[in-house]
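First, the structure itself, so that you have it in front of you.
When the chains are written out, they are named A, B, C and D in that same order, and each has its own residue count from 1.
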Amino acid sequence: MFSTLKKPQNIGIIAILLLAVVMAPSVTSYPHGASGVQDSGCACHGSQADGVTPVLDGLPNELTPSMTYTLNISFTGGPSGEDPNAAALGGFHLWVSEGSLSPIDGDDKVKINPDGSATHNGIDGEDVGTGNDQTSWQVEWTAPAEGGAKFTLHVNSVNGDGIASDLDDWNRLNAEVGPQPVEQASGLTVFASSILLMITIVGGCVVWVFYRENPDSFSWDYFVPWLSDWLTTTDHKKVGTLYFLSGFFFLGVGGLFALIFRIQLATPGNDFLTQDEYNQFFTMHGTTMIFLAAMPMIAGFANWIVPLQIGAHDLALPRMNALAFWLNPAAALLIFTGIFSGQGADVGWTGYAPYIVSHTAHSGATLWVAGQILLVASSTIAGINFMTTFCTMRAPGMGWMQMPLFSWSILVATLMLFISIPAFGIGLIQVLLDRTIGTVFYEVAAGGDPLLWSHLFWYFGHPEVYVVVLPAFGVISEVLSTSARRTVFGYKSMVFALAGIGVLGFIVYGHHMFTSGMSPVLRFVTMLTTMLVAVPTGIKIFNWLQTMHGGSLVYRTHTLWALGFLVTFTLGGISGMYFPAVAMDLHLHETYFVVAHFHYVFVGGIIFGLYSGIYYWYPKATGRMLNEKLGVMHFMVGFISYNLVFWPMHRLGIQGMPRRQHTYFITTDQYFALPAEAADWNMMITIAAFFFAASNLILVYNIVVSALRGQKAPNDPWGGWSMEWLTTSPPPTPSHDPHNLPVLQFEEEHDDGDPGLFGRWIQWMMIAEDGGEEE
Amino acid sequence: MGEHGHHTILGFDRYAFNFWVLMIFTAIEVVAVALTFSMEGTVSMNTVVFILVAVGVVKGVGIAAIFMHLQGDPDSRVLTATALFPVFFIVIMVLFIGLTHPDAADTLPDWCRPGFYNLE
Amino acid sequence: MSYDSHHGDHHDHPSPFGPHDWSHGAPHNSWAPIMMAFGSSIFLLGFTKVFTQTWEGDAWSYAINSAQFGLLIAGLAIFTAGLYVFWRQDWSFDGIEFEPKSVGTPFRGIDIRKVAIWMFLMSEMMVFSSLFSTYLRYRTGIDNCEALHAAGTLTDGTVCWLPASYFIAEGGWHQETAHAALKFMPDTLIPGAINTFALIVSSYTIVLALKTAKDRSLSDSERNRKVGKYLLTTLLLATLFLIFKLVEWFVGFELGDHDHPLFYSPSLLADGFTIHASDYTYQVCNEWHDHHCAEGQLETYTIDIRMAASTFYVTTGTHGVHVFGGMVALVYMVIKAYRGGYTPDNAVSIEYFGLYWHFVDLVWVLVFPAFYLY
Amino acid sequence: MEAGGEIFHDLFDLWNFWAVIVMIIVCVWLFHHSLRYRSSDGKTIENDSDHFTPGVFPKENDDLRMELAWTIVPFILIVYLTFVAWGPLDEVWSADENAHEIGVTASQWNWNFDCGDLDADICEVSNIDVEGQTRPLLRLKAGESYMFNMTSVDVTHAPFFLDWGIKEDTVPGLITRLHYTPSVDEIGSSLLMCTEYCGKDHGYMTAVVEVHA
């Protein structure tokens, strides 16, 4: 193994690992760490010493409910009493989990603190010589009506010099009495253990894949180059795989968050999660799912498929591509640092000002913002890269109107992304500076306008929604067309609809802010424009439906997901039409109706589309077929449980259940709130959510097992026409021979006739084909 | 890119010409502001703003057209179109974000209300 | 098009640290991306830990936690190392042989790198539009202090907008303290004005560098020397720009005798124009008398001008960071130029850097009037 | 009682009507085409009219009249729905000069109602117990017109009048307004919740609004 140390790249890895080790302690202590002493409120001084022995007498063996006991507190040892003239001898602090403490009548040596714990009197020099000049005290404790209690006793043995110094000693005693409740794992513990488990499994899979690739060379000397090849790769297929794996991993992480807070919401008034934990969990669920799961998975598909489809040998800027990927885990590191310290961002994925810059927001929000800045950088770099690739590297013969629709959807998505994301980036920088050096962009006292953040966020946020959903449109176009053996109906109108969505997406964002105090004129304008988005989306749905006409539909797993997408996405699109009507939005805004709507679009749209894509392109990427039986099972379980999860949320929203709340209130005699059935619906949603999560395990199993044992895939297993099917499965590197790029052929006579006004304008702009440019 | 197109403007080297234009126009900016300083009250602020905007446009066009080769090269036209592409989105951003201010919903102006058109 | 002379044979000499053999195509392995990514992540972590704020019951207090500088420096170091790896791989890139060209509508025949730069500039336009939208929103949304005073509604504690130009260009109460040695313009505008000209000159030198590099009439050594000189001038002008910026923000300068200085330009910091200026002392003179305020005509208010300062520092700061980024690239280019990296057939890199540099200049053309003059 | 006001339910029913129609069209279309035009054994290509070959752009498949039809018809529907949605704007965002003004000040995590000089019959604030916590109770009179002048002292909140189906953010440094005239059908108490995320106790930031005859 040590021979590998000579290689400079290994030194690089070791340097990074060392740095991580150095960083780790400061990372965990990021929030104002609570020591054990402060934890239970003792203001003990000196150091903890075994020589001091606390004693707590008077606790019964069998506890009688509601009975009052006299407790004797004392200690021995330590510096106390060494000086016979000392003014103070020691103190104590007794904390009890249940029941109540009270001083014995007439005893002025003991006092009860506001939090119910007991301490000696005479702190800070007052009444010195009563409570402070003791080594034993008495206090009364009234037992709770039911159950037992826990005691924590701190005693402080002091030398009496009147100074809280290192010469004093303290110690702690824990005691319990009566029946103890069953220990409940906190949500955070569950989450942390699950993550560790996931990392272990993923690590195991990596080792296993490595082993299975070449069982003979299962040694460190082979493993290091193999690993370093993955860490340094700039090949679009490998980077795509990395993107996809990291996206899929975070899909699991985001799912875990969802499952944990679904447990919290299963019954009203539940206390599985504390409010702090709940707030962090829904924040991280949103952030993880959109920025660390959906976007990388889309980027993974785009990386893999776009160069293959447009007949390029790689992306235009391969190293930039790798940089865009590696910024994702680097950002995840920052975003997740907070949550493991218990001070994770609790600001919602929208991070609305001024809460995000207020002192009540957790300190982890700063890191959340910093991580998001890196994700913005990643998206910008990826956007530039893809735009350049589309504009310059299409195969000979492939005009704009011959690009496969998946590529078109990625083109429009990246264009929207890198035009819109700078607004978000600037907003984040403003918030970061507000939270660190003290600029006042969102400080209301200095004239800051909280709505500015909402504007900057949604100027990005609304296009972002289309950025994630458009690639799914592209996948569905490819899958439906190939499965039905028909060219996609109305190719041109599909492209124009995509472009139309792309432009409209920028002028509608105000509908997220109808109730926010935004300029009323802008609310009115965006109400009108938002309605229009339905038109291009409708064109796409009807075109997909008509694509099947006259075809010969072959039912594969990817076809099933595509058909499922058509149903769920249409539902999600229709429920979206309820919001631009302001009078309706005033009721539905921030309720579960919104949650239902965007999960129908995000899960039923994006995730279903991407699942379809996984089944469709997996053979191309790995050279092996996925198991169809497992695939159908995945679809059936997934589709049904998915609808069970999100359909009832519409109803909950109309009944007025607000989102982002730790609990919900059921109607009582005193006031009207949610109907009693809401609790049942929530329970059903939680149960179905577990089924939906389980359905994804089928996919994971299928992917892993098929990678090793699946049937060998032919070059064009489904009979598609686009250029990725020209290559072998898996494709070679470079993906298409750069010296012999494929030339797009045409089934019909390709009419180059009159280019039209627009075409002539484009030609006028371009460098003449024969002109100049010889260097 | 090759050195195509016009190398000169009015007989000067185009880069040098542009350079001096930029220098002179910047001087005009500074002088305009200095005037408000030295002759307080004689030059209105509106005049200054007008001068600043006009000069800014001239300087911007000069830099873009000549220094950034958006004029005269074979690829100039298509790159100009590229450079102008974000204009729509910038206009939307400035209109929606830069020039609106929050207010209560009941201050919605009449022309946005159906009652204004005797509807409903 | 020449990407690869032995195609299909891409794992000959994987060279993740470089210099890269470009005749085998673009680098297929590089440590640069992962180093740069995690470097920036550690840098940001360090940034949040160095600049700390604590809530003190009713207000924030801000501090620089210098014990955490190590993290920030470590992040920068890793990032820089990554950049170094990136450039080492690029070192052997030769535009004559390896410059990939675009095919198809509408960029046919244009270098792919040039298209990429323009795409980058598109996103940069949106970055600065966001900053300007912020500026416009607050500039139009917050009352101007001078206007409030004119209307007689200014009171202590008012939140209002005192533009940076109040400190830099218009004089205001500086007429008393700024000495105005030039008589016709405030001394405090001088660093900003010099900077404006410095950027224009540097824009000119970078096109001269390009023009010289393409000049076939020069001998190789003479061309290398001249190109290097022009690029070095650009670098120096950029350095000058940042130095004057820091002078203007933090240092201020004074030339000549202290009592009768040739120039006296207090820094914005000394003037009290800071992001924490929640109790700025605003003095208005109702009647001037020979560059001194007439007796009893001076009014003093304590006002909150933090928002004007925040927009000014963040917008000009973002521009400054872009200048700094350009300087980092210029260092590489100067070295490459003196080593003969730029020939008439391989000069476009200068043009592509120039595009970025001119864009930064263009932004300044907007920032200067918006913040310094108006 | 039912969550949401009259305007909401009128619009909601209309939207539901059109949603069901669109959904029926899509589903019938989907099921018909996917079953009618399926390959009988799931493998054989029975109708390979477009001849898909890798690397060959297939035959075009479009019909301008149909595409225009499903551009124009949805557009007309959208214009109609926009027009209908526009109508109640006068109602929900009105500025009624004669309304009783009630101040609402939100803070983390409490509601503070201020009845000003209004009669106790028209507006009265007291306390009520909500799941063990003491919360404000606002008593209003049915048939009276109210204007809530709302602001916040720290971060953004939003009162959600559950029974009336209206909400609006309370933004620090800004006065926002909500207008409503509770009808006699809305007599009773309903819970008011915070619907703009505001930190730790966001979920428990409640109040009760009672409308009496």
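What we mean here is this: a residue touches a chain if its C-beta (ideal position, glycine included) is under 8 Å from a C-beta of that chain, and two chains touch if they have at least 3 such contacts.
Because the structure is a prediction, the values reported are computed rather than measured.
Once you count every C-beta pair in contact for both, which comes out on top, A-C or B-C?
A-C
Express in whole angstrom the distance between the two chain centres, defined as the mean CA positions of subunit A and subunit C.
34
How many Å are there between the centre of subunit B and the centre of subunit C, using C-alpha atoms for each centre?
Inter-chain centre distance comes to 20 Å.
Determine the centre-to-centre distance between subunit C and subunit D, using the mean Cα coordinates as centres, and give it in whole Å.
Taking the average C-alpha coordinate of subunit C and of subunit D, the gap between them is 46 Å.
How big is the gap, in whole Å, between where the Cα atoms of subunit B centre and where those of subunit D centre?
Centres of subunit B and subunit D (C-alpha means) sit 42 Å apart.
Identify all positions of subunit C at which a residue touches two or more other chains, and write them in rising order.
106-107, 109-110, 115, 119, 122, 126, 129-130, 133-134, 137, 141
Multi-chain contacts in subunit A: which residues touch at least two other chains?
Each of 419-420, 423, 447-449, 451-452, 456, 516-517, 520, 524, 765-767, 773, 775 in subunit A touches at least two other chains.
Scan subunit B for residues touching two or more other chains and write them down.
Only 74-75, 78, 81, 86, 89, 93, 97, 100-108, 112 qualify.
What's the contact topology between the chains, one of line, ring, star, complete, other?
other
Which of the chains touch, listed as pairs?
A-B, A-C, A-D, B-C, B-D
Help me check something: in the complex, which residues belonging to subunit B touch subunit D?
Listed in rising order, the residues of subunit B that touch subunit D are 102-108, 112-115, 119-120.
With touch defined as at the start, can you tell me which subunit C residues reach subunit B in the complex?
These residues of subunit C touch subunit B: 106-107, 109-110, 114-115, 118-119, 121-122, 125-126, 129-130, 132-137, 140-141, 165, 169-171, 180, 183-186, 189, 193, 196-197, 200-201, 203-204, 207-208, 211, 214, 348, 351, 354-355, 358-359, 361-362, 365-366, 368-369, 373-374.
List the residues on subunit D that touch subunit B in their complex, please.
By the definition above, subunit D touches subunit B via 86-87, 89-90, 92-95, 168, 171, 174-179.
Spell out the residues on subunit A that touch subunit C in their complex, using ranges where they run on.
The contact residues of subunit A facing subunit C are 8-9, 12, 16, 19, 23, 26-27, 30, 228-229, 231-235, 313-314, 316-320, 322-323, 325-327, 329-331, 333-334, 337, 359, 366-367, 370-371, 373-374, 377, 380, 383-385, 387-388, 391-394, 396, 398-400, 418-423, 425-427, 429-430, 432-433, 435-441, 443, 445-449, 452, 456, 732-734, 737-739, 762, 765-767, 769, 773, 775.
Within the complex, which stretch of subunit A touches subunit B?
419-420, 423, 449, 451-452, 455-456, 459, 503, 506-507, 509-510, 516-524, 764-768, 771-773, 775
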